[in-house]
């Protein structure tokens, strides 16, 4: 599968990945409107962790042995058979946060309204996820994996 | 291996040494050396050269572990950018001895000229040590960034055993001088103190090493007779600029 | 013998489902027969309280899509109860007297709810346990039929709490009766329990602690009140016993399969008898932190065990790294997570705590021997999984322990090698 | 005391309709010009801190930021320029030497722009570089005056050619030390040189262990501080360059302040961590030309005559004589750095006022070496602000073997020529050691960009050569017939050794 | 080759120098100095070598020996016409040379033993002044003629090549002198011009120099105040003229002249005793234009005297030795030991400290 590889040594902590993730998952898809109208309603699926000079943008790792899928009591968390991405079916999610409890990367968040889990959807409808496409320093790279 | 250097060019001489070293030779005696340059340049561990005669400039440049014993004076530029090894000079040293030396020991029985130990620098386990038997010229230890220079003043010369501008631009290491040194002889970047307990053992060990090399009684030089010259700061020119 | 399957799975919940997928990772075609006493398509057991509370629909109960058995090539015998396992013959017997053969057998029968034998009147109508879809349907029907307005939930543990939540949703005045000094004492530490209790009280839930039910009082065969050991009598139209579950080991009792509290299994989920595996709430497997074999009736544990069992049944080589007690539960609107050891067991344990009572936020880390052995999160649960991961890994956190409790704590503070492995996404298990 | 005489160089404007308060600009400005006000939840900008590097504007996702020069006009005065006044404010406030970075920005003539190239029309054919070989391969090193062959039926070459550098593109990366630039920048230069088949130069900071894998395409420099110089270092590179001078600061040394001497840099320079790395103005073992010869031969001895040993000098008044001396002292190549050459840090007064243009220096040196019959004894490399392929072609036509580019390479990596390298706060992650900033330069990207640059220049050089009807760079090298001057005095044309346009 | 004189460059370069003086006045062959300078072959590059010898013409010790080079016979004719007009030529001959494979493109080399009569219209000028004037005039006005030396009982021999080859070419082993100075040259700008080699000479001053005079531009203009035309575009030239100016014309004691050229730092002056300080201040104040800045080591010859000194920070090497009656000064000790393997004493003089060899009391050489 294709996986977003994080080259943390090149992450500059700018946060453009978050910005573009928000835009991508906004209603309008237009950056200024997305921010002015919907900023509070979208939890970006990629979040930049910062500590001193170090940083990296972390989104769901779509783990091979995704413990969130194992822990999900509703079956909402599942692996997309086509892309291999781990996705959360928000229609089935009840917000039990078992996924948050087990995700070792801390890459799943409570959604903006607090009822369902929110996470990276790997931009499966894009050729390249927007966080990757807009990373100015190629700290995020989409790579084919065996 | 014994080589008669008379009448041969330095390049031939050094190539002969290098080829022999490549073939495994470790002991060399060079006779009738007279101004042959670059002897020992880049030579590594385990090689020992005895030089009879006056070697030319840049003796032991970039040397990296070999040992050289010279039974006479040496000319300028000895131990230039030397990394490791040992040089024993039974006579006097010229100018610019130990330029940018990063490691190894240079022991001189007599005096040394101007600008010796310039830019001497220590790094990790490498600690250059330069011992001057009698006196040193101006600019001793200029820009010194590390290492140890010891001036023994073995002949108790009148006045100061070092020249002017001693330690100018110094920002690391230490110079130990046995004898008088006046404020005006020192660079602005250094300060002087009596030798403390912390340095005593090291100084004694260096004195012993020199004394052994030349058959002198090490008891002649008591650590308390020395002063220590060391930099005030590792950043001497930090305030030179307007931003 | 009616049939003989390569793989026979007794149970239809998470462990069973995980076992199927585990088998299918290795053996795409070997015949799998799955037998379930309940007639339902595999459903999410924890959702029953949500179902009761009306938060999910029946359609949403499905743990796997409707075509899952088919797609997984599973022969599902739903509504079929197994009464007996005959390991020597490699067969099981159904309640209908049929015999099913197997090459590999998985027992994933889960747990049986506890109804205390020393409480009088538990046979009255309106007294329920609450562990199955049918329980939820029954309670819902009873409430509707009798216009229940108040209820007593016996047991302040997680099932009790989820039951209370469902009842709140239905507008039923609820009292919780808990034997211990605080609710949720088994999974939370005292501070978190008190926070949860306070939050429930704010929602009008009555909480009685350090007491329990002595007798269920009934009129016309129907519950009217619960009498507590402290003498108080609480009028109610419904009683739910939510004291806990016991491993459902009945079908193997009397066989050579070793039973302690549950069916004892090794790290490959094998019972003491060849070709018989057990997983989920019925199994007694190694616990991660103390290393002893314990029954840990929690969801992710069951999944993992089922997966390991399935893979091994299919000839794979999977190993269970040990169960870890952990719970995620939302108290009204306050999310909480607890993992592992939540209270120091002795002086050799250390704790780090950050508490804001008014905001209902609380974080606690329990350390032992330089490692995290437990944690509690109330209110702010983001990134709790990182701590869970550290507990699982047994990583020495001495060098960065002070950061653990910080709100800003993230993967980035962890040692590079560890975090790189996590970030790689290629394997989070040690 | 408040520094109220310091005025902003730039005004940063933020379009409130476009700003989405994403704080990308805040995080990208190492000078802290942008700040997020937590209370007002809004980004504000302090223009006095802006150095005009464009980092914020480049990364702003909504293009909400624009930067323009501060229009704080003094009363017009050709003599007392705003810069002159502000320099005095600064020095009277802080004392000390005015420091700057990059090359000379003063409005002095750029002679490349006054030389024009030739092309074939009718009388001789131009060549299509897309179809035909266009050879740029260049060898730099000492060549014998003539070759000796043994007699006999099949003549055998008797002369052994000394060590040569082999360039696929006649453009090399000039000396930029690890210390003056970041590790990532150093890595990118080394990798790009390897990919393209040219050379990068370590500068005087030694060679980082991790870069030794690229050393076959690196020139290792020996400067007055002798940082990182040992016999292994000398033998690791493709060639050794003795740095005597630098175009941006002829005659003076340099200081890498201790705070930049990190563990990694300390290991590379082989000096203790945190101490100033002081490069004295002279080599203290070179006070005369025969001393230079002494060092050249000391290095040749230490490398057993297997590496070309060259000398880099700044273009100054007697450059032809000096270059001749270097050649006669045994240099296998001479690199000359013009007065517009770049630097990480130099005193402003020196950078702006010392040295001569590389165009004249090159013309004078090439002519002199030819007059003396020693041109082929050494390669001739020129440096000092080559901005494009045409500059390179002109330099080669004037007589250079190859060019060194420094600033152009940095610009390829993202440098915006803000001239603040000396502060160590390069927002583009190039001239800094701050780990927060060095991450900004991903060496993979930087390598790619450098390779692209060199390859596109190579292609342009080939196009221009094709136009001249030349398909081998040997025929361009020193071929001043292909240059014509415009807007030059007779004296200038004379020194350049070229004819006037129209002649 | 006259074009070389108009080069807009000054000559720069590094070098080797060596000098030997026998203070007893005993004269010895040039073979030794050739060997000494040959030992430092590495310090020069074949573009210049030269010698000065003192006491070589005892039979004509009272006449000026003008040794000249001519690139063309016309220049020689023109020069001889001028000599006939200005002085009495007592004897003239080709300077003896021998064919040498390493020496090519040699000019015409000729010498004239002359004396000058006082110029009645300019009584303030003595014979030395007139000789200087003549020397300058030839150098500046006659194309392709150049004076190597014009002193009494001394001569300069120089040319393009390595010094040992030049020495052999001029058959120096056939001369006997009590002082020999020699130079191996490493110029950085010339394509080889015989006149550009060292020593530079005026009257009986001859000087060999290693280093570069950064103050050349002002030294040259300073000297012009006193009638010295620096025609050779070489920094070394100014040192020769400064010696002539300071010692001969201004009559300064040798130590003072040297102090003018390589004065102490002001901070050293400030520490001097009052009288010495006043003197040092005065010297610096008055002779600022004579201060030689930049690296140099020189050996200066003159009648009965050999002086070595270097710049005040000793940027160029200089080693001295004494053995018997002889004083040795050289760039490298090996060059001394080549001809004096076992000297009585070897020492390194301080920067700016003159080392002076003088004929022992009572010894007459000219």
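Every chain is named by a letter (A, B, C, D and E) in the order it is written, and numbering of its residues begins at 1.
Operating definition for what follows: contacts are C-beta pairs under 8 Å (C-beta built on N, C-alpha and C of every residue); 3 or more make two chains touch, one makes a residue touch a chain.
Predicted model, so just to flag it, every value in this text is computed and none were measured.
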From chain A, how many touching-chain steps at minimum until you land on chain E? 2
Every chain in contact with both chain D and chain E is listed here as B
When the contacting C-beta pairs are counted for B-D and for A-D, which pair yields the higher total? B-D
Centroid check, CA-based, most central chain -> D
On a CA-centroid basis, which chain has its centre farthest from chain D's? C
So, comparing C-alpha centroids, which chain is the farthest one from chain E? C
Chain centre separation in whole Å, for chain C relative to chain B (CA means): 78
Please tell me the distance, in whole Å, between the geometric centres of chain A and chain C computed from their C-alpha atoms. 28
Distance in whole angstrom between the CA centres of chain C and chain E is 106
If you average the Cα atoms of chain C and of chain D to get two centres, how far apart are those centres in Å? 68
Mark out which residues of chain A touch at least two other chains, giving numbers and ranges. 54-55
Chain B residues counted as touching two or more neighbouring chains: 37, 57, 76
So which chains actually touch one another? I want all the pairs, not just one. A-C, A-D, B-D, B-E, D-E
For the complex, which residues does chain B have touching chain D? 11, 14-15, 18, 37-38, 41-42, 44, 57-58, 61-64, 76-77, 80-81, 83, 96, 99-100, 102, 115, 118-119, 121-123, 126, 142-143, 145-146, 169, 171-172, 234-243
Footprint of chain A on chain C - complex, ascending: 14, 18, 44-47, 50, 55-56, 60, 62-65, 299-300, 303-304, 307, 326-330, 333, 335, 337, 339, 381-386, 388-389, 392, 410-413, 420, 422-429
In the complex, chain D residues that touch chain A: 17-18, 20-24, 27-28, 58-59, 61-62, 429, 434-436, 439-442, 444-445
For chain E, which residues count as touching chain B in their complex? 39-40, 42, 267-268, 271, 313-314, 317, 319, 332-335, 337-338, 346, 348, 350-351
Considering only the defined contacts, which chain B positions touch chain E in the complex? 10, 34-35, 37, 53-54, 56-57, 73, 75-76, 92, 94-95, 111, 113-114, 137-139, 163-164, 184
